[in-house]
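Should a chain be cited, it is by its letter among A, B, C and D, assigned in written order, with residues numbered from 1 in that chain.
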Amino acid sequence: MLFILKHGVDYSTLNEKLKESSASYKFLDLYGKKIVIAWPDAYVENITDPSIEIAVKPKRPFQLASNEWKKEPTEVDVKGVKIGGDKVVVAAGPCAVEDEEQVLTVAKAVKRAGASLLRGGAFKPRTSPYSFQGLGEKGLQILRKVGDEVGLPVVSEIMDTRQIDMFKKYVDMLQIGARNAQNFDLLKVAGQSGLPVLLKRGMGNTVEEWILTSEYILSEGNGNVVLCERGIRTFEKATRFTIDIGGMVAAKLQTHLPICADPSHPAGKRELVHSLALASVAAGADMLLIEVHPHPEKALSDSEQQLTPESFEVLMNRIKALTNALGRTA
Amino acid sequence: MLFILKHGVDYSTLNEKLKESSASYKFLDLYGKKIVIAWPDAYVENITDPSIEIAVKPKRPFQLASNEWKKEPTEVDVKGVKIGGDKVVVAAGPCAVEDEEQVLTVAKAVKRAGASLLRGGAFKPRTSPYSFQGLGEKGLQILRKVGDEVGLPVVSEIMDTRQIDMFKKYVDMLQIGARNAQNFDLLKVAGQSGLPVLLKRGMGNTVEEWILTSEYILSEGNGNVVLCERGIRTFEKATRFTIDIGGMVAAKLQTHLPICADPSHPAGKRELVHSLALASVAAGADMLLIEVHPHPEKALSDSEQQLTPESFEVLMNRIKALTNALGRTA
Amino acid sequence: MLFILKHGVDYSTLNEKLKESSASYKFLDLYGKKIVIAWPDAYVENITDPSIEIAVKPKRPFQLASNEWKKEPTEVDVKGVKIGGDKVVVAAGPCAVEDEEQVLTVAKAVKRAGASLLRGGAFKPRTSPYSFQGLGEKGLQILRKVGDEVGLPVVSEIMDTRQIDMFKKYVDMLQIGARNAQNFDLLKVAGQSGLPVLLKRGMGNTVEEWILTSEYILSEGNGNVVLCERGIRTFEKATRFTIDIGGMVAAKLQTHLPICADPSHPAGKRELVHSLALASVAAGADMLLIEVHPHPEKALSDSEQQLTPESFEVLMNRIKALTNALGRTA
Amino acid sequence: MLFILKHGVDYSTLNEKLKESSASYKFLDLYGKKIVIAWPDAYVENITDPSIEIAVKPKRPFQLASNEWKKEPTEVDVKGVKIGGDKVVVAAGPCAVEDEEQVLTVAKAVKRAGASLLRGGAFKPRTSPYSFQGLGEKGLQILRKVGDEVGLPVVSEIMDTRQIDMFKKYVDMLQIGARNAQNFDLLKVAGQSGLPVLLKRGMGNTVEEWILTSEYILSEGNGNVVLCERGIRTFEKATRFTIDIGGMVAAKLQTHLPICADPSHPAGKRELVHSLALASVAAGADMLLIEVHPHPEKALSDSEQQLTPESFEVLMNRIKALTNALGRTA
């Protein structure tokens, strides 16, 4: 149950009434509104109070992320870059930060081609302990420096709750990866940080579970979440993961949050990336996350699926043509 | 192993040499060429003969369907409608043929909006024996009559080998459904019929298995096959099936056959059909198969996912805008 | 809706009443009872008649296969071998019939070790048209001959409706394979044949769909169906298919039909077959279907997963120990 | 590459040689041996040194967990309870710790029936932020107190790296849950803690990825890992998850680590728990993890799948009969 409250009024009587009920509840500031969120199993429908502007009982298990109460799409602002509006925002950069020159080369190229955000991994979640684990804080420093130099806000993946203060120093947007999609303590910490969050879907998670992970962030009072589809686990092995375009569309019909698609990871091979990127945009994605490397064949991770800067430029031009045809921009 | 033979020469010496080897092989007429297909495990690499123009050893388990030997895309001709060229071909019509008026209403509407083929089920594969099983031969008669009246070639699903002569009388293109995707006797009969075949992927089949089902048809000398992605079984339940856009793209990279997408079945709900159709076209689909019903809510099957004629027209306009932007037509 | 009727009374008045309703319905002889099955969407709850002994409205989509009306487990009788009672019945034999000596060797060995049925494929559904397709009718003749000689009823897979008369001549039990699990015309023909049917689950089918395929057979008046779990398609590739022990148990809780497990196909490798067979029996399987070949490494199909006769004997001894511990026999 | 070293010799020359190569490597104490683990891509095959007893190059991506070098099964010792030997060890207890009385009641009952370990969740990973999140540290205190009182070592799930010192105070074995299965920082911390770890498989992880998660723990010098299968995500919805018995057997063939099965979570319904538990034991599980609650219908989480103490006792008796038949104990 959600109570959207009037501005500048006294909430103490309402608070008393809620205390008297057996309900679990919380006062939140979200999207410029004062809100009371009561847990779905709480019986608070009968509570009335002059401070309540609107009362809504969402039918879905995610309440704050549902478009049942917030019908207009949410725009997430990453240092001036607006995700969720007419423009399809593209974040590009290497899978892993390797050195400053690599990142700088890519950053300049992707900016020129039309990317609005710089991505790059400093802490890498790797299936094997013997794979390259990333440069760590040094990687974040490089990313920050290059981002400032080139003029692109930066996004990078956080892997552990203990890293949050470090990330606050360096990045403009936190990424939570597929393997930590249900690391609930990390979600809470990301929520508390106030930073915009790019929230990937776990490879074994349903659309409902995915949106529920955003609820962990929103219920900390942080509404700046972009949901990112990156492929699910299915029996098909011709691709690395199965990009769930249908699930992305189903999510968009249920939430006000913007949706991002990552075509690089499900593709697994760069020959497929263009087609999956275009399909995602045609299906309604608000943002794309694309891996670009100056020399993909020498990359320390995901060498098979990263685009060259040249190929990325071709893709951007196709995306622009596509968005024009669909009444959007890129 | 494939031997592409010269035209108008004597093959008898080559035939002798093949007989002497222990190879399984077959002479075929395919795509205007005389071809010898030798089973993948046959050792015939050393055979030489003046009648051989080119010898190719495809690395993939499907040989005839592979673009390793036939690099140019195949155009399948359904009574003048070319599938596999610049134009994205749309087949539309009701899930099930219910009566003549229903089919006629839909046929006129979809033709006006730009569809090139009329689809409609007369024999319906239903999960339950208690669901509507289709009108049978009467359904085919209606489809034929309406197709002729409106000027649209017709496609309908065959379910059993014993129906082949009946289908030859009424349809311009056979459809083989997901549930019969590995009914190998039916595939052989469809191959022998010479009719163009719209071949759906089984909901539990890999891309490789899907293309291999076309090999059953091609190896009967029938090259007129369109591969149709219609969604696979995954853990996600927000959609009826998971449309495998990545698998579709992976298939396109391996075969010369045209690819069709069916956005209606994976959607399960009509709200998703537009987005999935557009995504399929953006990913490179050569054809779309879309369910349209004059009154979807009264449909005897798949009432949730069929579009109204009005909604279909809107979709066709969006598809045309999209194909223009991508350098194709619709 | 099911009406179980009294014996030896007049059903004509009831038939009139049913005709007057708009219901689809059918009179059946099943499990020694006269039954009226009305389609689930028929409104016949109000019909009363002296000929009706019991009226049941099953809540599940499968009506005849449901244990809501037939609470006692069904025993399927294959020429005297009872499947579905205390004894766990084992059917064993080669994946494919290759020659008489091969089948005879295996048949003697598996009988000695405790198998009750002889299995062997004569028509083989193969993913590739270039794989061994089976000996055809000759294979059935060998199977019949060896079965008679050794004293084991035989079961073999039928692939096409046009083969039914041939199969009636040679086999004691029809097998319908995973790839034809939703070949509904074949299911109907198998139902009409009156032969016991070993009905495999499609690799992409849910438990509910699987049981519904048996409903196609039962609603033809043939109640002799054994449901066979043989592995489903999942993302896991350490095994060929994922044996769904949980699905098997879930099926057993909903139907009166006996359940068989095929540990050979999901294993894919013979090292796993023993463990999967024992797990299936511990979970409650009434029957096992196991591939045994005198020289697995030379087998023309599925060479990786077939057991040697020696290994099969070891397995049978372990199965016997296990069933004793669980209060059954083998 | 693994070098198993001689005891009590000088490793400094070997260390020099390794430094000179470009290899990443690490000295470890594991299973009573001094070991050098070199990353799989390191070229150190040519290194010889008197301190090396055996050099092994495992072919699998997990090296320390592979049975290529350690052929005898590992026994994990949890305060005297040995997991991985003849005895099938059962850990039982409530899904979530609710209060002391609840835990005490269950602990006494499961001990009496034959359980060797007490399980109970204090920090609960919940899909929704509005579901019961556990009692936190208070839950661990209750668990510890009851465990001591009843005489059962305790196991509980850790969710975040920051909790490690707290867990060290209270538990005898850490559990890492399915949702944190690829929380690599947590795996490292668990490895460093030296505590035995019950490591669940992620619901979207392959067998190979699952064993690789144990490699993160082993490569910190902690060899006390039990791998726990708890069901994977598939299209089947008759059960909550699909217990992957085949994957469990495949794992056992590749690793020396003991395997645990959790039949409660994949079952989702208590009617299925017995059968899945028995199947797991028959397939070779070394341990079972079973949810038991004094009043399952009132449980604050997973109320559908928890057994009553009475039902647990019946199950234990069946397990004992089964293990006797298979030459083990319980």
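To be clear about the criterion, a residue touches a chain if its C-beta (ideal position, glycine included) is under 8 Å from a C-beta of that chain, and two chains touch if they have at least 3 such contacts.
The model shown is predicted, which means the values in this text are computed figures rather than measured ones.
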Selected pair, greater C-beta contact count between A-C and A-B: A-B
Distance from subunit B to subunit A - Cα centre to Cα centre, in angstrom: 38
For subunit A paired with subunit D, centre-to-centre distance based on mean C-alpha positions, whole Å: 32
Interchain centroid distance [CA atoms averaged], subunit A/subunit C, Å: 49
Junction residues of subunit A - those touching two or more other chains: 204, 232-235, 237
Category of the chain touch graph - line, ring, star, complete, other: complete
Residues on subunit A engaged by subunit C in the complex (per definition of touch): 233-235, 237
Complex interface listing, subunit A residues touching subunit B: 204, 206-208, 231-232, 234-239, 241-247, 249-251, 253, 266-267, 271-272, 275-276, 278-284, 318, 321-322, 324-326
Residues of subunit A that touch subunit D when the two form their complex: 24, 39-41, 61-63, 125-130, 159-162, 179-180, 182-186, 202-205, 209, 212, 215-216, 219, 232-233
